[in-house]
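Several structures are given next for inspection.
Shared chain: chain A. Partners: chain B in the first complex, chain C in the second.
The block that comes next holds the complex of A and B.
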């Protein structure tokens, strides 16, 4: 099975998680663990440009991270979602809950 | 000069009826963790889908497979997937699996879930009904058919205009 890779890097005030591969019930644990480490503690962005597919398991992880960030007064962005991940987000019916930027360069200072 | 007419090609039943052309393809997916790779690869290989259509079928289909896997409904026989495209009536994505008790229970209450919003369970820290909502928002219709031998899930999608295909 193709797994996912989740790499964390610092970019100024931001912690950016870059995700590659398919996010589903079999693979979402790694994303969940990494987001729980950072969400609500630091300003965080998740780069979805390398995501090949995403089910509600991945959407649930992102929503939890967004909620943690809001509760703690931290910033959160989804970066450059691939076509399938953007469609998955749109299909929830509450895409406006996912603050999105087209590129990592657009992250505010 | 001999007046010999060229041999005429017999018209297909579809052409005789004036029906729109149809494209279809199927695959049997093995149970287990590779099922998503197999399915996504299959959908991406279908030349009769454009990039947007393939993306829709991947998101909605992965969600169906995720649910079937999570609830242990896939037997050793795996899952048969059928994709059909008709220019007039659109795309149909069908899943066929060996009959399972949990699926029958789900279909019994599926109508009650129509229009229900997904909800977050604080105690379990997970969403309920989110995948179903995603499928309903992507597809024009979603239906579940429980059977004595085979359970079926059908999703219909509108066809997109035909731009050049791009990878999703």
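The block that comes next holds the complex of A and C.
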């Protein structure tokens, strides 16, 4: 089973998590732990360009992070979702619940 | 007109407040009489004042009648003060009060004892008082004062704290009313407050509002919170309302020269100061703090370690609840297999508290609330029929508040909270907190219901073993679709033994079943607990909601607001109408629903677009009911994403094409064989290890049953 890597970095006011690999029921814990550390505390973005597959486990982590951010009045963006993660987001029927930017450079100041 | 407008406005508001009090409860007739006479007093006085320039004779009658109105109002308040909150018949008292009222009519209206004449020149209001004006006014004042003092005295000696609070609030409102009336109506016209005479009947509003509060409030409030709210309002008046009034007044001083500019300045000041007041009030009224406390409480309950065993879980819950609410103890009751409610915590003596069909259990089943405070039962008229039984139940437990976990009408668990250590009653804030954490307590109730005592568990593997008991017992509890016209087969499994996938069917009538297939997000224990709760909630909603779309929309609200953050549901809700040969369904993000017709001998994808539940609060506009006609010999295959998204070791997805192929290859196999073939194929594709929970359902329709055709 291929593993996942989640790297956190600071970019101005933003904390950006870059995810590489598949997000599924075996790997989502790492993403969940790192999003829970930051979501709702700081402005956060999750770069999904390196995601090779994403099941409902990944959608659930993103939704929780978005709701945490909304509650705390913080900003949240999904960055450059890969084709599979974009399809997973669209399969929810509520793609507009996932504010998305094409690249990390587009993050507002 | 000027100030008189305020009196008319007060009369309208008082009438509205009185009309808003519904139901049949002790003291309501006296309250309505008091409100009626109060409103009449305000209207008569204000109209008399208005007519006193052009129609002094008519004005005289109206002002005299207003005097009767105020006395009658205070007499009705006195009756309320003596009787409230009991429904005792006090015939002699009623007779005496009516006699005093009639005497007042005679003295005030038909003699010159009260007022001889009224006149007005612009704002100059002249009242020619009769020889007995002062004594008669003081009689009215004494009636109001007697009512207020009686209420005050009874607010100290009445047993129920919530009624004591009602009496104290009514007394305060009435005292204010009496004082205001004395200053503006009795002293005012002869002193420096002459110009403010039209305001003299505004006091009506305060007394009626205070009393209407008593008839609508069933919970005690915290004096600290009231003081804080009062302080915030005071600050708003001083910091925002008074400056706004000053700005508007100054602007309008110049209206003749520049009317539009004055209006513009006033509007801008209103917007700026209004927004300022709003943002000042936000966060200071206690709401944000309350929300944060509730979230902490929710989080604490959600993080209970369910693998620690029942006694340990309930012990920890007791500590959390004790700290949050200051309750002296927590007792947990759970339904047993025979339908009794047994006490399982703190004593674990399995004492039966109620038996099936007992009045207490029937009452708990009938109540449409999930949190009940004892003060609600005492003071809320909607509990009138169940009051004796419910109060008896509270007394047996010694509880002051209960939180009920129900599945439909069935009570599966109950949390009873003892008196607060501080001696205070549970209040509206506590009620809101109980309501907010109900979903989490529901999980614990289910856990307690389905997990045996730790001492009986022996060597069962902890987390998996305990939760597996829950999942299995819930999954197995369905109404099987057992009908000659159809064969339904399903598999619902998880790679970890615990999962959020769900298949449930509920028999609606002889030929109709409701069913739901889907996947609750999350994995392992959390997902399975969410699934358990959702399944139970859907069954409850099914009993309450007849509109299919609204039922799904309510399930969505439950997921969004009650299940852990980030939880969502992808699946479908369906009605299988075998008498009509149709499936009516709502797609909520089911990834695969295939239909195979024997006539066409081909497989069609039928689920269409769908919106998952749990993403937005109001999902109703997005939901569509679809109909799928089933010719005899047709098959429907439904699958959650665990099959479609299964991955091979090379990272390839199983996809829908393979599912269609299996369906075509198994066209002559039974529903059960087809489901087995799908699971076997996907599992083999994934190298024998499926990553996700899977649910596959096959529905084979044979045709409309013969007896129905006839």
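Heads up, the rule we're going with is that the second predicted complex is superposed on the first by the 109 of 109 C-alpha atoms of A that agree within 3 Å, B and C clash if a C-alpha of one lies under 4 Å from a C-alpha of the other, contacts with A are read in each partner's own complex, and residues count from 1 in each chain.
The rule is short, and it goes like this: contacts are C-beta pairs under 8 Å (C-beta built on N, C-alpha and C of every residue); 3 or more make two chains touch, one makes a residue touch a chain.
The model shown is predicted, which means the values in this text are computed figures rather than measured ones.
J.: Given the superposition on chain A, are chain B and chain C in a clash or a fit?
T.: clash
J.: Applying the document's definition of touch, where does A:49 land relative to chain B and chain C: first, second, both, or neither?
T.: After superposition on chain A, A:49 lies in contact with neither partner.
J.: On the A-aligned overlay, A:83 touches which partner chain: chain B = first, chain C = second, or both, or neither?
T.: first
J.: After lining up the shared chain so the two structures overlap, which partner does A:100 touch, if you call chain B first and chain C second: first, second, both or neither?
T.: In the superposition, A:100 contacts neither chain B nor chain C.
J.: Per the contact definition in the header, classify A:68: touching chain B only (first), chain C only (second), both, or neither.
T.: second
J.: Considering only the listed stretches 132-140, 276-284, 510-518 or 618-626 of chain C, which one runs into chain B in the superposition?
T.: The superposed arrangement places chain C into chain B at 510-518.
J.: I'd like to check the shared interface: which positions of chain A are touched by both chain B and chain C across the two complexes?
T.: On chain A, the residues that contact chain B in one structure and chain C in the other are 2, 22, 24-26, 52-53, 55-57, 59-60, 63-64, 91-93.
J.: What part of chain A is in contact with chain C in the complex they form?
T.: Those in contact with chain C are residues 2, 22, 24-26, 28, 52-53, 55-57, 59-65, 67-68, 91-94, 97.
J.: Under the stated contact criterion, what part of chain B meets chain A in this complex?
T.: Within the complex, chain B touches chain A at residues 32-34, 36-37, 40, 51-52, 55-56, 58-60, 62-63, 66, 69-70, 118, 120, 125-127, 130-131, 133-135, 137-138, 168.
J.: Where on chain A does chain B make contact in their complex?
T.: It is residues 1-2, 22, 24-26, 52-57, 59-60, 63-64, 82-84, 87-88, 90-93 of chain A that touch chain B.
J.: Using the touch definition up top, name the residues of chain C that touch chain A in the complex.
T.: Listed in rising order, the residues of chain C that touch chain A are 495-496, 519, 521-523, 564-568, 570, 589, 591, 609-612, 614-616, 622, 641, 645, 647, 651, 653, 691-693.
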